[in-house]
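What follows is a structure written as structure tokens; I'll ask about it next.
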Amino acid sequence: SEQEAAFEARIAADGRIEPQDWMPAAYRKTLVRQISQHAHSEIVGMLPEGNWISRAPSLKRKAILIAKVQDEGGHGLYLYSAAETLGTGRDEMLEGLHSGKAKYSSIFNYPTLNWADVGVIGWLVDGAAIMNQVPLCRCSYGPYARAMIRVCKEESFHQRQGYEALLVMMKGTEEQKAMVQDAVNRYWWKCLAMFGPPDADSPHSAQGMRWGIKRISNDDLRQKFIDATVPQAKVLGVTLPDPDLKWNEARGHYDYGQIDWDEFWNTVAGNGPCNKERLATRVKAHNDGQWVRDAALAYAHKQQERAIKEAA
Amino acid sequence: SEQEAAFEARIAADGRIEPQDWMPAAYRKTLVRQISQHAHSEIVGMLPEGNWISRAPSLKRKAILIAKVQDEGGHGLYLYSAAETLGTGRDEMLEGLHSGKAKYSSIFNYPTLNWADVGVIGWLVDGAAIMNQVPLCRCSYGPYARAMIRVCKEESFHQRQGYEALLVMMKGTEEQKAMVQDAVNRYWWKCLAMFGPPDADSPHSAQGMRWGIKRISNDDLRQKFIDATVPQAKVLGVTLPDPDLKWNEARGHYDYGQIDWDEFWNTVAGNGPCNKERLATRVKAHNDGQWVRDAALAYAHKQQERAIKEAA
Amino acid sequence: MSTLNDYLLHLADNAVVLGQRNAEWCGHGPVLEEDLALANVSLDHIGQARLLYQHAAAVIGGDASEDKLAYFREPHEFRNYTLLELPHRGPLVGYAAADRDYATTIVRNFLYSALMVMVWDKLQSSSDETLAAIAAKSLKETSYHLHHARDWLIRLGDGTEESHARAQAAVNHLLPYTEEFWTSSEAERAAVAAGVGVDVPALRADWDALVNETLAEATLTRPDFQGYITEGKVGLHSEHLSFLLGEMQGLARAHPNASW
Amino acid sequence: MSTLNDYLLHLADNAVVLGQRNAEWCGHGPVLEEDLALANVSLDHIGQARLLYQHAAAVIGGDASEDKLAYFREPHEFRNYTLLELPHRGPLVGYAAADRDYATTIVRNFLYSALMVMVWDKLQSSSDETLAAIAAKSLKETSYHLHHARDWLIRLGDGTEESHARAQAAVNHLLPYTEEFWTSSEAERAAVAAGVGVDVPALRADWDALVNETLAEATLTRPDFQGYITEGKVGLHSEHLSFLLGEMQGLARAHPNASW
């Protein structure tokens, strides 16, 4: 069709698709799935770090952590808004999350077991997320691209804050150093898996590339992340828990060991250490909040009626 | 009447009234009120000390504290049983507690604010309770007297344990000593008030004495408690917070200062620092436990029906 | 100096304790926007606490510091209003289990911020210039807190039958704790005398007017008060504070020589 | 010696953590008799923990002591089953609020004591004589725990509609955590090899029979399992343990030089 041709031409020219523009149903569906999944990840992602707010070991770190978790909620908010421009409401998206139909980033299904986890999530998890997300700032769908620009800016800030917190800990007591190393040991491999399955096994990638939703392959992003992170780990003074990790002069990249994809898929399928807790906690917050949302709605209706009566 | 004469003769001869014996309605009512109030005190009294079980600073002290709080529950149990012999069911008594109609010892409406409170409750609160209760072991109503013999034996054990815990703390660090002194400061006057209003203002006492339910006056018990406690405080090395406290050679007793009866009556009336919390906590435990009790009942009925069917 | 310090700690402890409580909603709010709003309120409180502790630490001198004051004092050394340490729920002992009730959160935030907008306003002309500057900054933040809590209190009171009942229960539960505002501690009297502090009891009529007007708009009734007046600001707290501080201070105390 | 020690700590940490959890009901039970029963169960666990820590401290030597081991180790050093550190409620993150659910308590006590009667029975013939003596004492206690929990599980399962639903939910929630019983940690393997410990996976068939028979009598169904197998016994815990230990250890750690 003519519309389809115009859409394809826009994509080919690296132009932006806007909410009022015609777009193929599959493009719309893919975007809603991806953006809402991304929004869910932000919301669920508030939980592992939120776990340490009450126990942050200094007021400065407490304030930084609250602000960070709040930013994640904010990201969720404007990602839901971006998805809503595609015609799907927030309630519907939340229903998808709560029923288990929609996914969120599997990394949040691991527990935060010591205070250094907060810094490591900033450094490695946010670091990996940024690698994934920077290309999305050039995504073909305008509202998503613009949301991602803001998200990436804030995530970079979080990443630097996380790394800085770890630097301070690594200059501290033996116990502090041990906490950092322990957290890195637990999170390193999970972060590598965040880039998704190897390109050979990644079904959605090709179409995503063609539509300008995805721009760099999983394996390329993963390599980029590793290459950027190894020097940071050296500066920090932690050991990345991979004996196969070493510089390959010929490739101009770091070689690395085998990711445990069975574990990854098992967690994605709902069987990670915290999947049930994370989801149940979100569902409970939503259900417990029902009476509050009902009250706000009831009050708004009453106010409306009063305004109408006064006008009459 | 003949029955009444027999009752009065038994009382006069310091004999025991048993459940199957005839007794005046007022005697029965007074006893139910007093025994159930005593039982409620044991149950509510589990809360202030229970507050520290999870935080006890050694496993030995944790075990001692759990055992003590458990004993209080046990006292509640056999006091409810003693009251039931007078024809009032436990549910009815609990209903009195939960509705606020029945009282419990006002001492439990004060908070436990540091670990030493646990020891001080053992030493002073249980100490005062024993003073009150030992005469009840000779109470005219048999089941109550026998229950009190057991209660007093265990309470004496608790009192010694509390005192011993404080002795250890007073041999410890400055912080530990300060905790003990702080706890004594907060509890001393409340414990003196536990013996009830001065004899001149005590309406129930005369009849209670005549019936052999009460055997020593409030003021006499209070004096006895003070005379016994002052030397213990000296051994312990704490200061009792009463500048007027001093030995009166002529009386052969310690003189002491004015008790704040306004504060006492205000707390009895429901306005102490913890009245609402204590009562609401008991009510909540009861309400939250409804489904469990219902289940036990339903299961018992089913078992009964099955037994009948099998027999048929 | 010691009473000024006691007064600063009262203000700082208020902020840190309520900041800690409000942050408990983070990730659990009734709607995403409220998660963000309460995180904001909490952040403001932690920020106020930091400035006040820093100022107090400067007054105290020696090795005093913001974190020493927040993390290494015992419950009985805290000077916050008892109101602020209560859990987000009705009257239950500290170790009873119960869910958070948003009405309790909102009513407390309302009652406290209604006072603090007046307190910070007056403190802008404190003879202590650092405190005056903190007050100016805090006033803006607290005005937002009041606005937020007041709006929600009206929504809850004049919303559904359930929200009305919950809001009324929270008002009944919490209002007695505000009596502590109107007693004067030694530290407060000394701070007033020195021109540093605010005569809080003198704010009572204005506060009452604001509370009564808001409750009326929320279709809620104001309960009578009789009974115990809490004394958190002189260090005599409820059983809840030691749990709150135990959680807050535990990690820092496990590593007394660490920097973070 | 270090693996024996690790094995003793596994047994001791199991006892102290579940003892701590069961004591949370003290004063809050559904009926007075259950308050007493759970306090009893808790006391037995604390008592077992004390004997096991004392034995471990003797093995370790130096200044190790019962309380050093219980109060001055970090969460990742604890060797208890993850099952035992979970709060008395469904799957929620550690800092979410929720009430205690008696069904969760009963189901956990059942699943654990069903294992431990078998473990203590075998441990009576441990080559470590002290451990064998502790096992003989613990077996009697644990038989009572099993009896108590089993009776209640049947009552709840075959009671009312609500109690059945709650019991089934608790079974669904907790049963996956029992998979940790059937993996073998290095410490367990070494203890078995030394004749000190029990080959727990070998108890599986007996345990399954007891659980299946009880669930059947309780009219409950056994859920399928797939997924994550917890690893608390090698020190990799849930987010709940650091909250539990924070509360349990806080006071002792605030006064590291004190005796109590």
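Order of writing sets the labels: A, B, C and D. Residues in every chain begin at 1.
Operating definition for what follows: contacts are C-beta pairs under 8 Å (C-beta built on N, C-alpha and C of every residue); 3 or more make two chains touch, one makes a residue touch a chain.
In this text, all values refer to a predicted model and were calculated from it rather than measured experimentally.
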Original post:
Both subunit B and subunit C are touched by which chains?
Top reply: D
Original post:
What's the chain with its C-alpha centre farthest out from subunit D?
Top reply: C
**OP:** Go ahead and note the Å separation of the Cα centroids belonging to subunit B and subunit D.
**Re:** 34
Subject >> Cα-centroid distance, subunit C relative to subunit D, in whole angstrom >> reply: 40
**OP:** Compute the distance, rounded to whole Å, between the mean C-alpha positions of subunit A and subunit B.
**Re:** 58
Original post:
Taking each residue of subunit B in turn, which ones touch at least two of the other chains?
Top reply: 47, 50, 53-55, 281, 284-285
Subject >> Junction residues of subunit C - those touching two or more other chains >> reply: 24, 27-28, 93, 95-96, 98-100, 246-247, 250-251
Original post:
What topology does the chain touch graph have (line, ring, star, complete, other)?
Top reply: other
Original post:
Which chain pairs here would you call touching?
Top reply: A-C, A-D, B-C, B-D, C-D
**OP:** Mind listing the subunit C positions that touch subunit A in their complex?
**Re:** 16, 20, 23-24, 26-36, 39-40, 42-43, 46-47, 49-50, 53, 66-67, 70-71, 99-100, 102, 154-156, 158-160, 162-163, 166, 247-248, 250-252, 255, 257-260
Original post:
Where on subunit A is subunit D touching in the complex?
Top reply: 47, 50-51, 53-55, 111-114, 182, 266-267, 270-274, 276-278, 280-281, 284-285
Subject >> In the complex with subunit C, residue positions of subunit D that touch it >> reply: 24, 27-28, 88, 93, 95-100, 243, 246-247, 249-251, 253-254
**OP:** Can you check the complex and tell me which residues of subunit C touch subunit B?
**Re:** 75-76, 90-96, 98, 173, 226-228, 230, 236-239, 242, 246
Original post:
What part of subunit A is in contact with subunit C in the complex they form?
Top reply: 43, 46-47, 50, 53-63, 66-67, 69-70, 73-74, 76-77, 80, 115, 165, 168-169, 171-173, 175-176, 281, 284-285, 288-299, 302
